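Dropping a structure here in structure tokens format, bear with me for questions.
Every chain is named by a letter (A, B, C and D) in the order it is written, and numbering of its residues begins at 1.
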Amino acid sequence: MADEQMRRMEIKVGALILFAALLLVFAILLLGDYSCSESSYISVDFQTSSDLKVGAPVKISGVTVGKVNKVELWAGRRDAANGNKVVQVRVILKLKSESLPLIHEDAIFRISTLGILGEKYVEISPGTYEKPSATDGQVFDGAAAMNIDEVGQSAGVIIEQVSTLLAKNEQTIQDTIKGLGQLVDRADRVIEDNQEDVRELVANLKQLSASMNVAIGDGKQINETITSLKSLSGSIDRGLQPLVSRLPEIANNLDETLTEGKSFVGEARDALKKSEVAKLFEDIRGLTASLADGKGTLGALLKDREIYDDLIALMKDLKRHPWKLLLKD
Amino acid sequence: MLQYAAQILDASLTLNDSLVLDQVFLQLESGRIHALVGAGGSGKTLLLRMLATLLQPSKGELHLFKKAINFRDLKSLRQVRSNIGVQFQNLALFDFLTVGQNVGFPLEQDSELTKDISIQVKTALDSVGLDGRQEHAISALSGGMQRRVAIARAAVAKPKLLLFDDPSGGLDPVTTSRIFELIRTIQEENDNTVVIASHDIDRLVKLCHIFHVVDHGKVIFSGTLSEARQSTDDRVKVFLDV
Amino acid sequence: MYSIGNQSLVFIALTLAFLGLILVYQASYQALKVLPDLTPVGPVFIGTMVRVFGPTVVALMLATRVGAGIAAETGSMTVTDQIEAMKVTNADPVEYLVVPRFIASIIMMIVLWVFGVLVAVAAGTLIGTLRFGIQLRTFLSLSGTTMSDVWVALFKCVIFGAAIPILAADSGFKATGGSEGVGWATTKAVVHSLFTVILLDFLISSIAYRFGW
Amino acid sequence: MSKPVETDSFLGNFGRTFITAFQTVGAMTLLQLRIFRSLLAIKNFDYDESVTQLFKIGVRSLPVVIATAAFVGALMVVASGNFVRATGATTLIGWAAGTAVFSEVGPILIGLMFSGRVGANNTAELGTMVVTNQIDALRVLGINPIGYLIVPRFMAMIVMLFFLTAIGDLFALTGGAITCRAVLGIDMRIYWQGILDSNLLSEFIMGLVKAIFFGGAIAIVSCHWGLQVTGGARGVGRAVNDSVVTSAIAIFMVNFFITVLWT
């Protein structure tokens, strides 16, 4: 009897310990870094680590594919193995091997911020599909980090530049403003007087888009245009109220083609080379002129009633918070 | 017709699946001193607890003061309990109260008796020879003194039914004599019904009027000593030493 | 009242101080892994302390300290027939023994909650400022605490304070069989009240969450 | 039982508390040394007693540990739910609950529960043996009570709390997952993914190391108070009370030091 009891106790104790031990092994395998898939390492050189932590996720288009394995501070030392280039911070990424072919030679590595708490992670834009894939151990150059401070700083620089430009091109801007004023007046009237025609005008939208594409070229140039416009309106706000109230309409319309909002500052900087700005203003003038002529292209602003309402709302909002154009949310 | 202070009528009790009291029939004549004798574990304490309304029979009835006890009717239960005094086997003195507070405890619970508690306590302690110890802690008293405190507490409210569970357990002969003498005085003063469960046959024989023999959860004999002598049951003769 | 409150003070102070230390230590340490700065640690810690850990841990400590005490006391009274003696003299043991402890427990639970939170916050501030170099003003901010946190916590305190003596006295009254019985009753009281506190805490928190308090 | 002299002065109370505390700690250290000495003399090892203790300590406390753990996990999820609602960062749930359960709250609460269930019971059992002179009887028979009674308990508590914490962690996370879905209305997968993505191995192992030390602390504390018992039923109750209180303090202190040393 006592023996029987003992036996039963032994079995239960054994079962408990076995169960717990299995659980333990399972948990350690699961929680630890023992994934079955093989890992590859690539290095990325950044100007600053932006407080990136070891273990932070690495994502391609938002999908986690690995994590930061090491953050090495080189502080300007030269990398003899890679053409003696100066390295400030080298971040070594540990990636799942199967994700390596997805990263191409022109991939962009950027330290970004996740969530409102400001957790840092490495975002990889995979690059052009046709370019050769990355190999294990390859060293890349990282793009500048996108953080609020830097955006703010860039914005300041741009505003300054734009101010100078405005002073130089006063006449052009005057024309532009006039054109825009006419445009808006006309738009209002057209809507009020001629509801019927609006539908017709909508049909012309495609035409406009096509002509815009022709006129402005590829998407990148549009981006430049938009960003320039945005910066412009932000700074003009102080001295030139009327312009601010009108410009955003066009800016917002073109905004639809803006794919990566966050990247605008960097591109805006390029766009501000003088020759291009001059060209930009010409483009705008051409656009507004043709719009002002009412040659059907008005439809661009009047896709439908909704957009018109949105534009009004946006305008009002922008009047109150012009900075919204610079800090895209 | 005889007056019965308490009657246990055909009561059985089951505790933890074992039958501890088996069809007990026990009647206690009023104004008498009853002795409850039997081997250890035969059920004496259980019977006393049942008489004190602390145990409800699983089967059968309990009548106290000519009324059937309904254990669900708390109001009448209170009524009945105010007429019962118990000295527990292990005394059950409240160790967080002083001697005086212990004795006065039953008085405080009864609204009719709350007048002059301190005088009543003094009288009660006086009668057990412990006057002047009101302020002492229970733990400061010897075993014999504690037992006398317990008796004083049981008797202080002058209950109609007084139950003593082993009043002389573990005490020296002198103290034992004093305690039994004390019980006799209390009974004579108040003319209440007293039940004593004890192994001290010699002293019980001198003190008690009616004897009840308990064996294996059954009351096998009830009667006077002379009746016991005529009993045919050997167990009765052994227990009562007649 | 005295035995429930004062004697638990040192105990509560000790455990809550260590709780405060460890929470801030862990929070800061973990936060440093992902966050650029530690400004949210203080407010979040204080808010959590008030609403979650304050009532829960104080109640858990009260359950071990006071629950075990009540069970030991009532249990030893039960096995020495003192409870029976009360019953037969028409004193209601619940009214006589449990009700005062019940009231004292609720009041002391609230008092000890305030005290415990203060001690934990003090200890947390100590380690937050000294070890992690968080600014005192940044740390000691009530921005992470709302009035609803306080109300929920107070409600919890009352419920826990009421539950502990009831459970403890219940297992005390049910004690049987000498000193081992008292030991068992005390064990049971501790386990039951600890578990009940956690269970009730979960229920109250869930309901509070659902109603958005 | 000799009563301490009643002094009502605050300082007197304070001083007495400290002296008692130091006495207790000293006595426990001695007990600890004696346990280790008995551990070295392996011939004292009693197989039957050990299995019995493993069974009583481990298997019997499994249900209460599982139930506690499940609700603790649930509680952590609800607690972090308030912040998630404030910030909208649902991915943080797994991280917050996982870290809390693995490294701090899980071991502490399972430890507290274990001390309530096992430690208190152990004190009561040993205390009753002392009160009824069973310990003396063992000595008379030439059996070392430390080796025979205490060592198996000591080992069993360490081993079992370790495994129970491992099991408890799983149930805590499961409880959290269910709560995540039922109360917060967030998909469980987000929660589990959050846990897996958060690199919690170090926290998990730290929790288990804590469990080992908690087990040892609870064993020593509960045996100490059990062997100290004087004065019958009341004494046993008192000892159990002291035992759980001291265990709780020990758990919180040990917890703090392990965390600080670990990180």
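To be clear about the criterion, contacts are C-beta pairs under 8 Å (C-beta built on N, C-alpha and C of every residue); 3 or more make two chains touch, one makes a residue touch a chain.
Being a predicted model, the structure only gives us computed values, none of them experimental.
Look at the CA centroids: the one farthest from the centroid of subunit B belongs to A.
By count of C-beta pairs in contact, A-D exceeds the other of the chain pairs A-D and B-C. Once the centre of each chain is set as its mean CA position, subunit A and subunit D turn out to be 52 Å apart.
Averaged C-alpha coordinates put the centre of subunit A at 93 Å from the centre of subunit B.
Chain centres here are Cα averages; for subunit B and subunit C they lie 45 Å apart.
A separation of 47 Å divides the Cα centre of subunit B from that of subunit D. Subunit D has residues 234 in contact with two or more other chains.
In subunit B, the residues touching two or more other chains are 95. Among all residues of subunit A, those that touch two or more other chains are 55, 117. Listing the residues of subunit D that touch subunit C in their complex gives 17, 64, 67-68, 71-72, 74-75, 78-79, 81-83, 85, 99, 103-104, 109, 112-113, 115-117, 120-121, 123-125, 127-128, 131-132, 179, 183-184, 232-238, 240-241, 244-245, 247-249, 252-253, 255-256, 259-260, 263.
Residues of subunit B that touch subunit C in their complex: 49, 52-54, 78, 81-82, 84-86, 88-95, 105-106, 108-110, 153, 157. Across the complex, subunit D is touched by residues 6, 9-10, 12-13, 16-17, 19-21, 23-24, 27-28, 30-33, 55, 57, 64, 115-117 of subunit A.
Those residues of subunit C that touch subunit B in the shared complex are 77, 80-82, 84-91. Against subunit D, the residues of subunit C that register as touching in their complex are 10-11, 14-15, 18-19, 21-23, 25-26, 29-30, 44, 48, 51-52, 56, 60-61, 64-65, 68-69, 71-73, 75-76, 79-80, 178-187, 190-191, 194-195, 198-199, 201-202, 205-206, 209-210, 212.
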